[in-house]
Amino acid sequence: MTTVADILKFVETLAPRAMKMDWDNVGLLCGSRTAPVTKILVALDPFEHVCAEAAEWGAQLIVTHHPMIFRPLSGVTDDTSIGRGLMTLIRNGISAVNAHTNLDQAPGGVNDELARKLALVNVEVVNPCGTTENGEPWGLLRMGQVPEQPLEAFLNRVKTLLSCESLRYVNGGRPVRKVCVGGGSCADGMHEAIAAGCDTFVTADVKYNQFWDARDLGLNLIDAGHFYTENPVVAVLAEKLSAAFPEVEVKISESHRDCMKFF
Amino acid sequence: MTTVADILKFVETLAPRAMKMDWDNVGLLCGSRTAPVTKILVALDPFEHVCAEAAEWGAQLIVTHHPMIFRPLSGVTDDTSIGRGLMTLIRNGISAVNAHTNLDQAPGGVNDELARKLALVNVEVVNPCGTTENGEPWGLLRMGQVPEQPLEAFLNRVKTLLSCESLRYVNGGRPVRKVCVGGGSCADGMHEAIAAGCDTFVTADVKYNQFWDARDLGLNLIDAGHFYTENPVVAVLAEKLSAAFPEVEVKISESHRDCMKFF
Amino acid sequence: MTTVADILKFVETLAPRAMKMDWDNVGLLCGSRTAPVTKILVALDPFEHVCAEAAEWGAQLIVTHHPMIFRPLSGVTDDTSIGRGLMTLIRNGISAVNAHTNLDQAPGGVNDELARKLALVNVEVVNPCGTTENGEPWGLLRMGQVPEQPLEAFLNRVKTLLSCESLRYVNGGRPVRKVCVGGGSCADGMHEAIAAGCDTFVTADVKYNQFWDARDLGLNLIDAGHFYTENPVVAVLAEKLSAAFPEVEVKISESHRDCMKFF
Amino acid sequence: MTTVADILKFVETLAPRAMKMDWDNVGLLCGSRTAPVTKILVALDPFEHVCAEAAEWGAQLIVTHHPMIFRPLSGVTDDTSIGRGLMTLIRNGISAVNAHTNLDQAPGGVNDELARKLALVNVEVVNPCGTTENGEPWGLLRMGQVPEQPLEAFLNRVKTLLSCESLRYVNGGRPVRKVCVGGGSCADGMHEAIAAGCDTFVTADVKYNQFWDARDLGLNLIDAGHFYTENPVVAVLAEKLSAAFPEVEVKISESHRDCMKFF
Amino acid sequence: MTTVADILKFVETLAPRAMKMDWDNVGLLCGSRTAPVTKILVALDPFEHVCAEAAEWGAQLIVTHHPMIFRPLSGVTDDTSIGRGLMTLIRNGISAVNAHTNLDQAPGGVNDELARKLALVNVEVVNPCGTTENGEPWGLLRMGQVPEQPLEAFLNRVKTLLSCESLRYVNGGRPVRKVCVGGGSCADGMHEAIAAGCDTFVTADVKYNQFWDARDLGLNLIDAGHFYTENPVVAVLAEKLSAAFPEVEVKISESHRDCMKFF
Amino acid sequence: MTTVADILKFVETLAPRAMKMDWDNVGLLCGSRTAPVTKILVALDPFEHVCAEAAEWGAQLIVTHHPMIFRPLSGVTDDTSIGRGLMTLIRNGISAVNAHTNLDQAPGGVNDELARKLALVNVEVVNPCGTTENGEPWGLLRMGQVPEQPLEAFLNRVKTLLSCESLRYVNGGRPVRKVCVGGGSCADGMHEAIAAGCDTFVTADVKYNQFWDARDLGLNLIDAGHFYTENPVVAVLAEKLSAAFPEVEVKISESHRDCMKFF
């Protein structure tokens, strides 16, 4: 019978622990590695409503990108959203496994999927941190080419391909040819992107001074949203789990959407 | 003849140094306190193009909210935007004065003006840090009331009153009655806002996890943009300088707009 | 109906949060403050077997001295004893409340009870940290007098009164007249004890060099065991809870004994 | 003529400085390397009474395991036991040499001797830190086998072989087959011991929570006393010094016993 | 009979411990407070040759400004000058008492004596740290007036009055009227001196960049030598000890001179 | 046309950035790398009067040893000497390039030139940090031999060869044969010098306790002044720049002398 340990081992094959950043928390963060698994709910975040959805559906495991526990906890109570989520999981015998920065950095992970979604070609790792056993480089950012086009055309492309409601951006004053991507909060990587010859950078959670820095550096900087730049990996995870464990039912969370809206 | 020292003294009457945060850098950051002043350019930021505008117009002083130098500098060269801005100022004999967190916290400063723009009533300082000589409380955030209204109505009001192109927000599930405001990056103050009984918080530079935290806490959180939430104070500064120094020409920067756009 | 919040409030009347040490973790560390309570299990420690006993007995709350979570947790899994304990509590709807260094320091807490057990008279707080609203001094250590007696007689008394299996001690070369007590690991307080005029110190977890330091300083130092010096407060807690909440069943853990044995 | 420098050199052949831990203080800590030596007193500790014994006997050198100075000194006065010890040495022209963590870790040192005393077989270094020129691994802990036996039988063996007055222990619920040893305060090594396949760990200065941790981990943990687990090396040191310097009189301290007693 | 404790108590009346800087080490740093004293050697430093002089003369105590031990010691051996000094003291039953920054800061201490030597008038403490029970302010630097004179004349005066072999200085471009003094390494106080209205600063151990800073600030900065600016207090100490303890012989070290020469 | 970038590249060939210490600030610290250069002023320090001299002479570049900015700047105003210097440079279109600890450590740099000036023979790097591509060792200190001579003779030689007004020194009690040199504040290297077999050390900015340490260690320690030990490299820099850029006029500052005098 398939157990949490089997799933965990498979997830850590896709996104090895050794690829995570030092400050990160990944792997089995709730539950039991010996628990049998017949249903897995996959989602970007292990938020309270995702835990509730898992319980309602009868899952024994949630697999997410963000960790169930990020800052170590001093209590598990229903005073906090994390506490409520954990209590829902535990009461329903659900374990929680995640791959965070290891999945950002792994070949085929968050950023490779983001590059694929945006139809970049000749995709490479920017400043690789190492090489896998198969000789594939890994690291945080990806870059690739698009047919030369005005920024506006590329903005349209990003919005459509990632299904974003809206984008925030600064015009660096250059047409788009070589694009760097970093799902989530990667705007600090803009200097790396420029040094690698990119004219455009797609990431999220960009702050006021970062937009201005990009403008001063002549970089088109696009904030496509944390959710929209990372969520594409969820489908990849679900497919790979499904393929590897045909006896297990794998479902993508239906309740989890970005809570942030534009007006 | 009016000098930089006179203007500096006046600015530090509006926004006393003692009100600045420990890590901040405010006051005279470039130039000479003995320089005579006949023209002052006022702007939110002392960016390179603002320095150029000041030079073209023939100003001897720029007065801004953000500091010319934030992280101490190891060089002043034209390799960086800050270096180019400083060189423009110095070559044209222009000084730079600013009031940053002291202006955020002062009575009549950034956050009082933001509250006024949003037509809040019964405005109070949230968790005052101290009291001025005139007995006025001062501190970072402000809160006040609006006629009870659905969130959508309030979003419309914010967008119109601050002339924002677009807003980002999360719906906390409550009507709007008591609103907290913090211009710029104040989203960490959301717990203070809730503790003070607010249902809605207007600030900027909000990150993914902060939107989710707000939702979990039942707070309407609105990111109206760093520029749009702080820029209102520029007109206030210009008026007060003009009134205090009738012999000096005071102008608001015409070149400085938010560089970030929505798509 | 009595709730966890009611019990917590009462416990924090006995041992106010303000009396805890900076690094400590006390209060509601697991569960829900709105949960109704009809059965409370009281124990020195919230170890796994105590959680299991609470579940078997049908308690909705455990009240302990040591905290359920001391070092903040990065995961709640059955790989660790703490994780297993928490999962038992949560699956059985049991909350966990504790008072640790606040109970050590409070009037009537761990150290007052230890002094009472040892029949010290004229008991005082050594170096009080403050005074309660009722004017009672509070602080970590207590001291009091016994009729002058040889060390051996006092050792016998300690062993009998605390029901210890055995004691570890060093002979400071003085008869016993004025005794300092500090339940648990308080041996660093020996300099305070001497400065306060004590000839004898009863505490626990004493290390090799601390025994030698005591000998050099002419202090009789007695290690009566962490469990035996702190456990007396458990009966006090149980009684006070019972008296305050007559409608609630209060029981002292039957499974919790010191796991350490002498041979 | 044999000098302090000759003895020091020999001691640092047995226990090379490079094997000490970073925070440790070893070697010549008092006196003069050119002083001639005809009498050496060897002891576990350089306590005040050992210094006095050395002076009375007419020794020119004490060789100990623990350092004469551990925390660097701000004064050498007779207000403290260390000051009195140092003054006794200096007034009597006695030098002090020690080997502490270097002797714990060296082949043939504290922990090899403890393993030998307990008749462990197939003794190995647990997680070696390096290898000597002769290819011998070195490191802190040792492990070895005993004929399978119930814990009680092994407790009896430890008590007899180390001449302990009494032992403190927790029963991990397993028979004794593979034993890890670490003289002095090594209980933090219990995770290493378990990872190396040991069922039983003999060390000292064990604290309350460490006994419970061992129980949770199913490890038999025995506190045989700091003195009794380290003192066996004293005879080894004395013999080796005697053999290497036949012209020098070497004596083991007669006054030094453990000051801690059981009652 | 006069003891070390009596002398220590008197020294700490002249220079209370509470006036020392946090990082300093003062008081009884070697020997025994119960030792009887008939001869005291007083010197600026407790260097090896001063210890030897004390031993030869038969003193039981040295009283110095600089501490016998500054950085805490990990050993007391004849490998180091401090070790040799301590061993000389201990072998000869000599104690060591000192008053360092407490004597710098005390009324009547190092800096008051330096001001007196230089015939400053209207002497005040620069930025007092506190006030003694007698209402006298205390603190590090002193300042006072001299009849207005060219720098050269004042240099001549300093050289003569302090018996310096030579001076190092920078000309700040101003006549000498108000002089700040700080014996030893006080050049960092130059900003305080200027803020207090001084034109001239006498101190020691001045570095290259400090001379340039002084020149830029228009301050005459004179390095009169660490020894020559602090040694005057030695005679004061000797006199006060002699007057307070007429039964004790007090002598100023004859062997201690500055070891640094000019060429 | 020769640009600042060309000069910078050449300077960093002489003194590679990789040879600088971690805390140092070197390279282009003011101005523009694209500025054309026809006149270079070379000096030890980029002080205010050197900047003024460069402006008067019409230079487009100053090349110095010490950095224009050492502690990062929070402002560029005429309140400070550094601010005034920077403003003079920028207003006159002058860039500033420097090589500091990289020039100290480079072959042919500050310390090789000091050794050459003092006519040391068989000059070697003390404790080299690395080797250049040409196989030359590099590092901070240099040492070499002189014909055996009394200290006084050597002092005379140093004073004459470096054109010092006066020297400060301590006599270590040995004739001079093997000399270590470290321009500027290198007295902490005295232990390295002794370990390398030197009897004499020439450096600057020596403090009181360092003279005494040298005396205790039997080392002749000579403070020849920060300016006089480092300034020789200025002529070397000027010559090399002149030879490499014959089309550029290179001049050594005429206004820069040591501001410190002896009296």
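In order of appearance the chains are A, B, C, D, E and F, and numbering begins at 1 in each one.
Convention: a residue touches a chain if its C-beta (ideal position, glycine included) is under 8 Å from a C-beta of that chain, and two chains touch if they have at least 3 such contacts.
A quick note: this is a predicted structure, and the numbers were derived from the prediction, not measured.
Chemist: Answer with same or different: of all residue numbers used at the interface between subunit D and subunit E, are over half used by both copies?
Modeler: Mostly the same residues form this interface, as more than half of the numbers used are common to both chains.
Chemist: Please name the chain that ends up farthest from subunit A once chain centres are defined by their CA atoms averaged.
Modeler: The most distant chain relative to subunit A turns out to be E.
Chemist: Indicate the whole-number Å distance between the mean C-alpha point of subunit C and the mean C-alpha point of subunit E.
Modeler: Distance between chain centres: 53 Å.
Chemist: If you average the CA atoms of subunit A and of subunit C, how far apart do the two points sit, in angstrom?
Modeler: Their C-alpha centroids are separated by 47 Å.
Chemist: Centre to centre, by mean C-alpha position, how many angstrom separate subunit E and subunit F?
Modeler: 34
Chemist: Which parts of subunit A, given as residue numbers and ranges, touch two or more other chains?
Modeler: Correct list: empty.
Chemist: Thinking of each chain as a vertex joined to the chains it touches, would you call that graph a line, ring, star, complete, or other?
Modeler: ring
Chemist: How does the ring run, chain by chain, when subunit B comes first and subunit F comes next?
Modeler: In ring order, starting at subunit B and going to subunit F first, we get B, F, E, D, C, A.
Chemist: How about subunit E: which of its residues touch subunit D in the complex?
Modeler: Where subunit E meets subunit D, its residues are 25, 27-34, 69, 71-79, 86-87, 90-91, 95.
Chemist: Going by the contact rule set out above, which residues of subunit B touch subunit A in the complex?
Modeler: Contact set of subunit B toward subunit A: 45, 47-48, 81, 152, 155-156, 159, 166-171, 184-185, 204-208, 211-213, 215-216, 225-227, 259-263.
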